[in-house]
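What follows is a pair of complexes built around chain A, which joins chain B in one and chain C in the other.
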Partner chain A sequence: MNKARRRQLSIFLGLAPALSVLTVLFVGPLALALIQSLGYAPIFGVREFPTLRFYTAVLGSTRFRLAFWYTMLYALVPTVLSTIFGTWLAVAARARMRGVRFLSFFVRLPLVVPYLVGAALVVALFANGGLVARVLFAVGIIQNTGDFPRILFSAGGWGIMLVYLFKQVPFTFVVVSSVLAGIGPELQEAARTLGASPWRAFRHVVLPRIFPGIVTSSLLVFAFNFQSYEIPLLLGPGFPGTLPVEALRRFQLPTIARRPEAMAYVMIITTLSGGILFLYLRAYRRWERSRGGV
Partner chain B sequence: MSSISIRSLSKRYDSTPVLQDLDLDVESGCFFGLLGPSGCGKTTLLRLIAGLIEPDAGDILFDGQSVVDVPPERRRIGMVFQQHVLFPHMTVEENIAFGLRMRGTGLKAALPAVNDVLELVQLSGYNKRFPRQLSGGQQQRVALARAVVIDPVLLLLDEPLSNLDAKLRDDMRELLRSVQQRLGVTTICVTHDQTEAIELSDRMAVLFSDGIAQTGAPAELYERPANVQVAEFLGSTNLIPGTLVGTDHAESPIGRLRIREMAAAQCADGDAVQLNIRCEHIGMHPAGDEHQSQAWVRLPENHAFAEVVSSVYRGGFILYLVRSGSQTLRVIERSDRQFVPGARVVLRIPAEHVGVLPGPNGA
Partner chain C sequence: MKRSVLSSRMVLTIAALLFGLPFLPLVVASFSFRWHWPDLLPGAWLWDARGTTPFPVGWDYLFSPISGLGPAFLNTMTIGVATSLLAAFIALPAAYTLARHRFRGKEAVEFFLLVPVIVPQIAVGIGMLLLFIRLGIARTYTGIVLAHLVPTLPYSVRILTSVFQNLDPDYEEQARTLGASRMQAFRRVVLPMVLPGLVTALLFGFLISANVFLLTFLISGGRLETLPTMLFQFIESGAPLDATTAGLVLIVSAPGLVFLVLSDLLTGDPVAIGRTTLVQDAKQ
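On to the complex of A and B.
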């Protein structure tokens, strides 16, 4: 064996534990889901492999199309908003001002709170009998707590998006803060002496430097929002659910023979979110290369 | 370009005062060197002048106009920072054009000016490089170009040579000087390196943590330091305790020395003082045979016997440590004549180079 081969092998062996975990946890289940969605699911009494029946059933339904657009909405809006607010707070927290340390502690706080607790909080605050409704009632803005606009359990998805924001603004804040810490205030100051207002110094000098961090965090946030089911299940409307919620519901179908549709959903969700992330990253890389590839 | 006046400027970080009641005047078109040890507040002062931080008290005036309420982007200052802070995601051209673009010029329209300053800093043709593709010295020159292209009223340089190696440092020093003279821009250059300050400046000041110790032309500060601190900071020197005798002599461990004429009423007869004698101003000659055998031979005024203790070769020069009576002195001599340790020598100390500084300990 020559030297290069031996090095390759040792790198491979070094990665083996991680790779095997990845295989067991990721590739294995995905392969299983693929096979079942294509019609090999003896536990459901389905032995039609290979068939696209389950895919056509899913893709042809209005339910799916609605679920897709709502999933995009609930994923995208919190991603955009938390990226903007998280970045904004991270930049603000760099100012040498009193209260900044408290601010950055306070902003991080939701990170240690589980999503489910976030959901409970939103319910306690914004449900029709919730705190906000009661306060509005007490000060006389609404005549009846029942008049409070229906924020939760509606197709608008306000509740879902609020919980996501509650968790994801802090997440973006932490990621962008750590990137900012690496670049120091000097570049901004150089830009200021060269005639840039604070906003333009940020826009032209700081933003391009922290952009990779922003892309990464927004990617993670979007992927999570697109795929997670518990918050939409808890706070979303009965119909339509998001894609993951619909997938879950297919698992619970009384007609057992239709359950491979759930696996078709799983495969479609994986492909869609993978595809969206890929397109997003490719667009970013193109932009980056056009900027000289820093 | 502008004249700069700083009036009773004070700045503290948290509770530590950095600058207290600082006054400074820089004439229009002057290359002003501000020399001080690390941590004395040089960078802080530049940042105050640039408007990047706000003073706690005092005023900063450009041509008699207070600028403390003017934000940095409207002070029209060119600043070269201590660490290279070129924008890493921009080409050389974009870096230099930045200041012009912030003033409303498009990149295309800015190009002629960009090319002019690139030529000025001898980097013509480097337009499309990114900072990471440049050496430290080249980055420094781009930073200089970026600072001067906006035609600043004031150029601030924060230790512009400290990150460069010896050869580059010499080149950059010449470049800085020639650029400044070509543009005639008022310049404040801070450094902890006395050679740098002395060689670059028209006028300079020495800043310690308790404030500005002395202001003047470099030669003035070097030859006639105001106190012991300044004397020691501006190159190696000998400080010898002495007592004034009349107004033109002092008694010292190496005998009675005639001293340089003092500024009026600086010290009086009988005062304890420090005599300041620069190492290179002491002449050293071999003690002749007559001195070896006839110890009673009288030496002329401002001459003293000494014995060489050690020597350090310094490329063209030798630094000797010699002992005369109870006093150890440092002497710098050309290396074409060498003395071995133990050699007996005669020191000649010209009266015009014996400075008098107040205080027994220079306090």
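On to the complex of A and C.
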């Protein structure tokens, strides 16, 4: 066997396990959901392939439209806020001072616990009988639990968004910190020495260099929020659920012949999420190119 | 300059309080027996109530066999260890290949290996459940471990690829020049040097698996309980500041806490750590 062939073989053998595992476990289920959504689902007694009936049923419903807008709201607000605050924290933590490691330990703590832990914390603090309401009662701002604003189980989704922020400010913090570590403090210090204000030094020297990291982290945060299931289920209003919650509700419908609607739901969720991420990345690339052209 | 350092410290301190402090009321709540509205501290503590209740409460309940915490904990550990080992085993050759070779379609391969992180888990999960029912592995350990591979594998590949990229290929070539076979060079030279990175990948894989909820929930069908699925039920049915839920939250947070401490101890350049161990080995 010649050298080039051997090299090709070793590349193939190296990649084969990971690629085949993901093909079976990741592509397989998606393909199955796709054909079922198009009407081939013998286990539900549905054999109408190909039909778009399940898609039109989902897309035509008010429930879907409401779920979509609430999903967008719950996904987008925490993405913007955690990007701003996470970046701010990362920049603050870069100052050379004692105790950064110790303090950042607590900021990174939410990152390593399940989202459900965040949900439990938000319930303990912000439920109507929770700790924050008790403190407000103690200082005389509210007289009973009913006076406390409904943060959980309301369509405003404050509880959901608080859990996301609890997990994602630290996430953005870690991603941006690692990018910052790569660029070193010298340029920023030079800008400051030359008379730039802290904000100008950040805006013109640091920000352009960490921007790709910010884009990546906000993209991952949005992608996660858009498909999150257990948090909106636990802390959201009963109706409307977010898209993933509605999808699983369709899957548990007593009329099993309607269950392919769940598959239509997940295909729509995947397409929407992918489409939004694609547009976001394209807008970023264009902006990057226009900036590079100057 | 001095003022900006001061305000930075303030920002970071406030953040540390915001993210760390919420755990404190749960520590208090976990030792409470009665914590009625509008008390700021529990009215009665666990140790006061011991023996006065027909069945154990709070921590006593969690650690009694009726809570099911033991099996859920063991399931989480077993599934986590199996998932992280399997993911690292599968990711290792792929990461090595991606770090060492340039080839046509490499970008597509890298993209494909990352996509599971972005694609909605509910979309994979529902299809996977149907597939696993057909294969007869739904509601089994095998099924859950395979399901957990999907979110874990991309990270394992990513971490291990960067570990191999940071590793100077010269060492391997020198071993080969000195007569080691490819396998020997990998096992005796490359592997010991990437060990810290490998440990990081294993820890990270374990952590992802231990934190997964939806895929476990779907594939286990309620038959196999893990810590996150158990916590889900407690939050769903418990009151705020309920002692048992609070205790469970602390237990569920423990693996992450251990991970954070371990990874802080391991930080530093993994390759540098690998080299120092090699030097120490040589000295012995």
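Basically, the second predicted complex is superposed on the first by the 273 of 294 C-alpha atoms of A that agree within 3 Å, B and C clash if a C-alpha of one lies under 4 Å from a C-alpha of the other, contacts with A are read in each partner's own complex, and residues count from 1 in each chain.
Throughout what follows, a residue touches a chain if its C-beta (ideal position, glycine included) is under 8 Å from a C-beta of that chain, and two chains touch if they have at least 3 such contacts.
Predicted model, so just to flag it, every value in this text is computed and none were measured.
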{"item": "Overlay on chain A: chain C relative to chain B, clash or fit", "value": "fit"}
{"item": "Which of chain B and chain C A:107 touches, first, second, both or neither", "value": "second"}
{"item": "Touching partner for A:254 - first (chain B), second (chain C), both, neither", "value": "neither"}
{"item": "First, second, both or neither for A:194, with chain B first and chain C second", "value": "first"}
{"item": "After the two structures are overlaid on chain A, angle v-u-w for chain B, chain A, chain C in degrees (C-alpha centres, nearest 10)", "value": "80"}
{"item": "Partner chain(s) touched by A:273 [first = chain B, second = chain C, both, neither]", "value": "second"}
{"item": "When both partners are placed on the shared chain, which of chain B and chain C touches more of chain A", "value": "C"}
{"item": "First, second, both or neither for A:186, with chain B first and chain C second", "value": "first"}
{"item": "Distance of closest approach, chain C and chain B, by C-alpha atoms in Å", "value": "6"}
{"item": "Chain B/chain C common contact set on chain A", "value": "192"}
{"item": "Complex interface listing, chain A residues touching chain B", "value": "186-187, 189-197, 200, 204-205, 208-209, 291-292, 294"}
{"item": "Sites on chain C touched by chain A in the complex", "value": "1, 4-5, 7-9, 11-13, 15-17, 19-20, 22-23, 25-26, 29, 37-40, 90-91, 93-94, 96-98, 101, 103, 109, 112-113, 115-128, 130-131, 146-147, 149-150, 153, 157, 207, 210-211, 213-214, 217, 228, 231-232, 234-236, 239-241, 245-246, 249, 252-253, 255-257, 259-260, 264"}
{"item": "Parts of chain A lying in touch with chain C, wherever the complex brings them together", "value": "7-8, 10-11, 13-15, 17-19, 21-22, 25-26, 28-33, 36, 43, 88-89, 92-97, 99-101, 103-117, 119-121, 123-125, 127, 129-131, 133-135, 137-138, 145, 166, 169-170, 192, 198, 219-220, 223, 226-227, 229-230, 234, 244, 247-248, 251, 262-263, 266-267, 269-270, 273-274, 277"}
{"item": "Residues on chain B engaged by chain A in the complex (per definition of touch)", "value": "47, 50-52, 71-79, 81, 83, 85, 87-89, 91, 98-99, 102-103, 130, 146-147, 150"}
